[in-house]
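Following this line, the structures themselves.
In what follows, chain A forms one complex with chain B and a second complex with chain C.
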Partner chain A sequence: MRLELRDILIKNIQFGDVSEIKNHTLYVNRQDIESLVMEDEHIKEVLIDIARPGEEVRITPVKDVIEPRVKIDSDTGMFPGVISKVRTVGTGKTNVLKGSAVVTSGRIVGFQEGIIDMTGEGAKYTPFSETNNLVLVCHCHDQIKAQDHEKSVRLAGIKVANFIGELSIGLEPDQVAVYETLPLLQNILKYPDLPKVAYVQMLQSQGLLHDTHVYGVDAKNIIPTILYPTELMDGAIMSGNCVSACDKNTTYHHQNNCVVHDLYKKHGTEINFVGVIITNENVYLADKERSSDWTAKLAEFLGVDGVIISQEGFGNPDTDLIMNCKKIEEKGIDTVIITDEYAGRDGASQPLADADEKANAVVTGGNANELVILKPMKKVMGHMEFIDKIAGGFNGNVAEDGTITIELQAIIGATNEIGFNKLSARDY
Partner chain B sequence: MAKFKVVHYINQFYAGIGGEEKADHMPEAIKGAVGPGLAFQAAFGEQAEIVATIVCGDSFYNENMEKARETILGMVKQCSPDLFVAGPAFNAGRYGVACGDIASSVQNSLGVKALSGMYLENPGVDLYKKSIYLIETKNSAVDMRNAIKKMVSLGLKLLKSEEILTPQEEGYLKRGFRKNYFADKRGSHRAIDMLIQKMKKDPFTTEFAMPTFDRVNPNPAIKDMSQTKIAIVTSGGIVPKGNPDHIESSSASKYGKYDISKFRDLTDQDHETAHGGYDPTFANLDSDRVIPVDVLRDMEKEGRIGELFNFFYATTGNGTSVANAKAFAAEIAKDLISNDVQAVILTST
Partner chain C sequence: MKYIMVTNNPKVYEKYNDKLNVDYKQQTYKQVLIRTRDMIHSGHKLLTHPLSGSVKPNETVFKTIIVSEQQNTLDLDSLRIIEQSLETAKKFGVNQHLMTEDLLNDFGLVDLSLIESVIIKLENSL
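The block that comes next holds the complex of A and B.
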C-alpha cells in the first residue's frame, strides 16, 4: 500500500467572502461553516473563531482537534465509514493542509476536556499552540443526551475539516512525501537482514468520552486487527474520546501518528516496519484478556522481532498496557512501551496503576499531575466556568486575577502517549 | 557580602575523640571547624564559614534519638546558620542514620537548608533521601576529598538558591521524585531508538524503572455475616448531590464521609458521582450501581447481614496518587475500627 502525502502549507487563517486557499492563507466564509454545522438537529448554535500561534487566546473545553485533509485521484474519502463510504483507505494521494487544524469546543459533556493556550506557559505543552486553528464553539439544545452531544460535536469537527480539506483540490503541494508498506511476505523478502518491527496501538474504549472509531466501528467492539500504516493517515481511526486531555489522542494525533512516521524514517535502513496492530482498552477483564492475547498472537503471527506499544489514557488502561507488554515479551518479542505518569503533584508517588518486570523499556510522556500556572488570556473561546472541574482542576484553582493553577492533565496533548512531544520525566 | 554561616555535624570518631569505646559521647558544640570540617572550610573558601561543629557519639544518638535531636537542635538554633552539613557518613550505618535524622530535623524544624553524604547501601539513605539531599559517596573515607567537593558545591547552590540539577549532574542519590523535563527528541523517536538498542542486545536506559508493588493479602472469610457490621468504601466518586466537599474529578486530594442512615435507596435526586474517569450516566441515574445501599438495606432487613454502617466513605480513584490513597485509607481504617465495623465492601469503577 502506497500513499503520497501532499502538504499545502497554511500560514494563516482569515475570514473572507469566499472559502478558499490563496498564498498559504486559508480564507473561511463563516456562513459556509455555519450551515454545515447547523445541519445537525442537536446543535442550536455555533460560534466560529480563529486562534493563531502567539495570540493571547485560550480555547476550552476542547473536545477534538482535526487536521483538514482530502483524498484526490481516488474514489475513497477521508474518515471512511463515518462521512465517506466505507472503503479501505491508505492508497493514492492525499492533500494535507499542514499548519492548520479544526478545534471543537463548547459546553462540557464530561470532565475530561481540556485547554489549548496559544501563548504563554501552557502553549509549551500542547502541539496545537503551533497550528492555525479554526475554532468551533458548538452549543447543543438543552436536555440533549450526553451521547448525542458528544456525537454531534464530533461530527461537526470532522465535517468542517473535510470541507476545508476539499478547498485544496487542484492546488500544487509545497512538499510531497511517499509512504509505502508492501504486503507482509514481500516486505520480509525485501529486507531479509533487518529486524522486523510492528507497532501496537492501543485505542481508548472505556465508554462515553472514552471511545475511538475505526472505519466507523466503535473500538469497544473490535478484536485486535492489522492495518497498513498509511490507513491511519487517511482517517481510518477517529477520536471520540476526551480521556484526560493530556493523554488522549485527538483525531489529529491519529492522522499524524508519530510512531508510524518515525518507524517509516528508519524503515529499510535500521528496521523493517511491517505494519500496525490495533487493539482496545475495554473495562471488562474478559475483554482485556482476549485483546491482549490477540495482540500477542498477531505479533507472533507477523513474525516480528520487536514492537512499540503505545497506550492511551491512564489508570485502568495501565493494566491493558502491562498485559500486552507481558504477553508479547513471553512470545520472545522485544517491546518498548510508551506511557505517561501520575506520580502526584510532588512527583513522589507510584506513577502507574500496574507494573511488571518485563516492562523494562519504557518511554514516558511525563508526570500529568505536575502543576502548571496559566496566566489569564485576553480572549477565551468556549467557557471558563468548568476550569475547576475538568480533570486536573480543583476547587479554588482560579485566582482573583484569573490566573489558573492546574495539573498538566488538563492541557490537550501535554503527556501524549504516542510520543508526540519532547516532554518526559526523570528521577530526582 | 557577608559570609554564609555553616554548622557541621560529625561523630566522635571524626572529631578525634575515639572509636567505638567513645560512641556514647554526649552532644557537644565546638567553635569553628574540626576534623573533616577543615577540608570543608578550605573548599567553602571565602564564601562560607563553619561557625561551629557539633559532635555526638553514634551510639548516643541512635539510642537516645529524641534527646539527642532536641539537644542538638538547640545548639544549631543558637548559631542561626544558613546551612547545616552532616557527615559524610560513607557506609557507617549508625552515623548515617544520625546524619540523616539530624539534618532532616534541622531542615524541617528550623527551616535551615541541610545536606549530608553517604554510600548507597547506608541504612540512612532510604530513611532520609526524600527529606534532604544526600551526596553519593563510596563506602569508605578514602572518598573523603571527592565527597567534600560535591557536598560543598551542592551546599553553595542551596545557599544561593540556585537550581539543583539532576542526581547525575550534582552527584546526589536519587530522592524518588519524578520531575518533568523536555528531552531532545520526541517520545516516539526515543522509543524507536530504545527498541533498536534492545533488539541488538545493546545496553539501553528505560525512562521509568518499574516499581515493586505492595500486594495486600485478603483476610480470611467471615463465617457469619448475620452478625457483622458492614461499611462501604468507594473510589467510584459517589457523593451527595452537589459534591459538598468538592472532591476533585481526578487526582483527589481528599475523601468524604457521608451519612446514609436515612437512605434505603439512592436516587438521582440525592446522590451522584464526582468521578471524571468513566461514563457517569448510569452512576448519576442510580448511585446504588456503585455503592449497593439498596441491596444492603434489603439484606439487613432479611437478617443476612448484621447491619450497614451509617456512613460511607468516598473518593475518586481517577489519577489519584498512591500516596494520597494510602493516607486516606489509613484514616478511614482508623475510623472504621473505632466504630466497630467488622467488614468493608470496597467498590471501584
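The block that comes next holds the complex of A and C.
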C-alpha cells in the first residue's frame, strides 16, 4: 500500500466572503460552516470562531481536534464508513492542510474537560497551540440523549474538516512525502536482515464518551486486526473519546500518529516496519483476555522480532497494556510500551495501576498530576463553568484574577501516549 | 453466567434491579471497591475492571463493578486487580467537589453506559 501525503502549508486563517485557500491562508465563510453543522437536527446553535497561535485565547472544553485532509484521485474519501463510502483507504494521494485544525467544543456532560491555550504557559503543553484553529462551539437541544449529543458534535467536526480539506483540490502541494508498506511476505523478502517490527495501537473503547471508531465500527466490538500504517493517515480511525484530556488520542493524533511516522523513518535502514495491529480497551475482563491473546497471536503470526505498544487513557487500560506486553513477551518478542504517569503531584507515587517485570522498556509521556499555572486569557471560546470540577481541577483552583492552578491532565495532549507531545523522562 | 452488580449508582439500580442481581448501597466510591474486595476474598470472581472509565476516582462519585455470583476458591488475578485499583483510588484521594444535580446525573450516566456494554455481552454468554 502506497500513500502520497501532499502538504499544503496553512500559515493563517481568516473569515472571508468565500471559503478558499490562497497564499497559505485559509479563508472560511461562516455561512458555509454554519449550514453544514446545522444540517444535524440535534444541533440548535453553533458558534464559529478562529484561534491562531500566539493569540490570548483559551478553548475549553475541547471535544475533538481534526486535521483537514482530502483524498484526490480516489473513489472514496476521508473517514470511510462514516462520511465516505466504506472502502479501504491508505493508497493514492491525500492533501493535508498542514498547520490547520478544526476544534470542536461544547458541553456534553458537566465534567467535560480539555484546555487549549494559544499562548502562555499552557500553550507549551499542547500541540494545538501551534495550529490555526477553526473552533466550533456546538450547542444541542436540551432534551437530547448524551449519546446522540456526542455523535452530533463528533460528526460536525468531521464534516467541517472534510469540507475544508476539499478546498485544497487542485492546489499544488508545498511538500510531498511518500509512505509505502508492501504485503507482508514481500516486505520480509525486501529487508531480510533487518529486525521486523510491528506497532500495537490500543484504542479507547469503554462506552459513552470513551469510544473510538474504526472504519465506522465501534472499537469495543472489534477483535484485534491488522492495518497498513497508511490507513491511519486517511481517517480509518476516528476518535469519540472525550475523557482524560491529557492522554486521549484526538482524531488529529490518529491522522498524525507519530509512532507510525517514526517507524517509517527507520524502515529499510534500521528496522523492517511490517504493519499495525489495532486492539481495544474494554471494561469486561474477558474482553481484555481475548484481545490481548489476539494481539500476541497476531504478533507471532506476523513473525516480528519486536513491537511498540501504545496505550490510550487512564486506569483500567494499564491492565490491557500490561497484558499485551506480557503475552507478547511470552511469545519471545521484545516490547517497548508507551504510557503516561499518574504519579502524584510530587511524582513519587506508583505511576500505573498495573505492572509486570516483563514491562522493562517503557517510554513515558510525563506525569499528568503535575501542577501548572495558567494565566487568564482575553477570550474564552466555550466556557469555564466547571473548571474546578474537571479532572485535574479542585475547589479553589481559580484565583480572583482568573489565574487557574490545575494539573496537566486538564490540557489536551499534554501527556499523550503515542508521544505526540513534548514531555518525557529518561532513566537507564 | 450469573453475576452480581456491586454499585452505588442509583441509575444502575433503577435499570437492572428488577431483572438482575444488584448489590446496591448508598456508599462512597472507595467503599464499593472495598465491598468488592471482600466479596473476592469470599470466592467471587471479578468480571469487570474496577477502574472502568477514564473519569478519575476523585472526580466521579459513582462506581459499578460486576463479580460472579458463584463462589469458588480465591481468584488471585481478581485479588491483584482489586488491590491495585484500591491503591490507585487512595492515591487520588477523596472527591471534594461540590456536586450539583446535573453533575451527579452525568457521572451516573457515564458509569451506567460503561456497564451496559458488559451486560449485553454477559447476557449473550453461558
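One rule holds in what follows: the second predicted complex is superposed on the first by the 421 of 428 C-alpha atoms of A that agree within 3 Å, B and C clash if a C-alpha of one lies under 4 Å from a C-alpha of the other, contacts with A are read in each partner's own complex, and residues count from 1 in each chain.
Just so we're on the same page, contacts are C-beta pairs under 8 Å (C-beta built on N, C-alpha and C of every residue); 3 or more make two chains touch, one makes a residue touch a chain.
Everything numeric here is computed off the predicted structure, so don't read it as measured data.
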Chain A as common anchor, with chain B and chain C clashing or fitting: clash
Which superposed partner A:146 touches (first chain B, second chain C, both, neither): both
First (chain B), second (chain C), both or neither touched by A:207: both
Touching partner for A:270 - first (chain B), second (chain C), both, neither: first
First, second, both or neither for A:363, with chain B first and chain C second: first
Contacts of A:166 with chain B and chain C, given as first, second, both or neither: neither
Which superposed partner A:390 touches (first chain B, second chain C, both, neither): both
Chain B versus chain C as contact partner of A:346, first or second or both or neither: first
First (chain B), second (chain C), both or neither touched by A:319: second
Partner chain in contact with A:109 - chain B first, chain C second, else both or neither: second
Chain A residues touched - chain C or chain B, whichever exceeds: B
Steric overlap of chain B with chain C in the superposed model, located at which of 79-87, 115-123, 277-285 or 331-339: 277-285
Chain A positions touched by chain B in one structure and by chain C in the second: 110-111, 146-147, 206-210, 243-244, 283, 314-316, 342, 344, 349-350, 389-391, 394-395, 409
Contacting residues of chain B [partner chain A, same complex]: 130, 166-167, 174-192, 194-196, 198-199, 204, 206-213, 246, 248-251, 253, 276-281, 317-324
Touch list for chain A against partner chain C, complex: 109-111, 146-147, 204, 206-210, 220, 241, 243-244, 248, 282-288, 313-316, 318-319, 342, 344, 349-350, 353-354, 386, 388-391, 394-395, 409
Partner chain A, residues of chain C touching it in the complex: 46-56, 59-60, 81, 84-85, 87-88, 91-92, 96-98, 100, 102-103, 106-107, 109-110, 113-118, 121-122, 125
Chain A residues within the chain B interface of the complex: 110-112, 146-147, 195, 197, 206-210, 243-244, 258-259, 261-263, 266, 270-271, 283, 305-308, 314-316, 334-336, 338-339, 341-352, 355-357, 359-370, 389-395, 407-409, 416-428
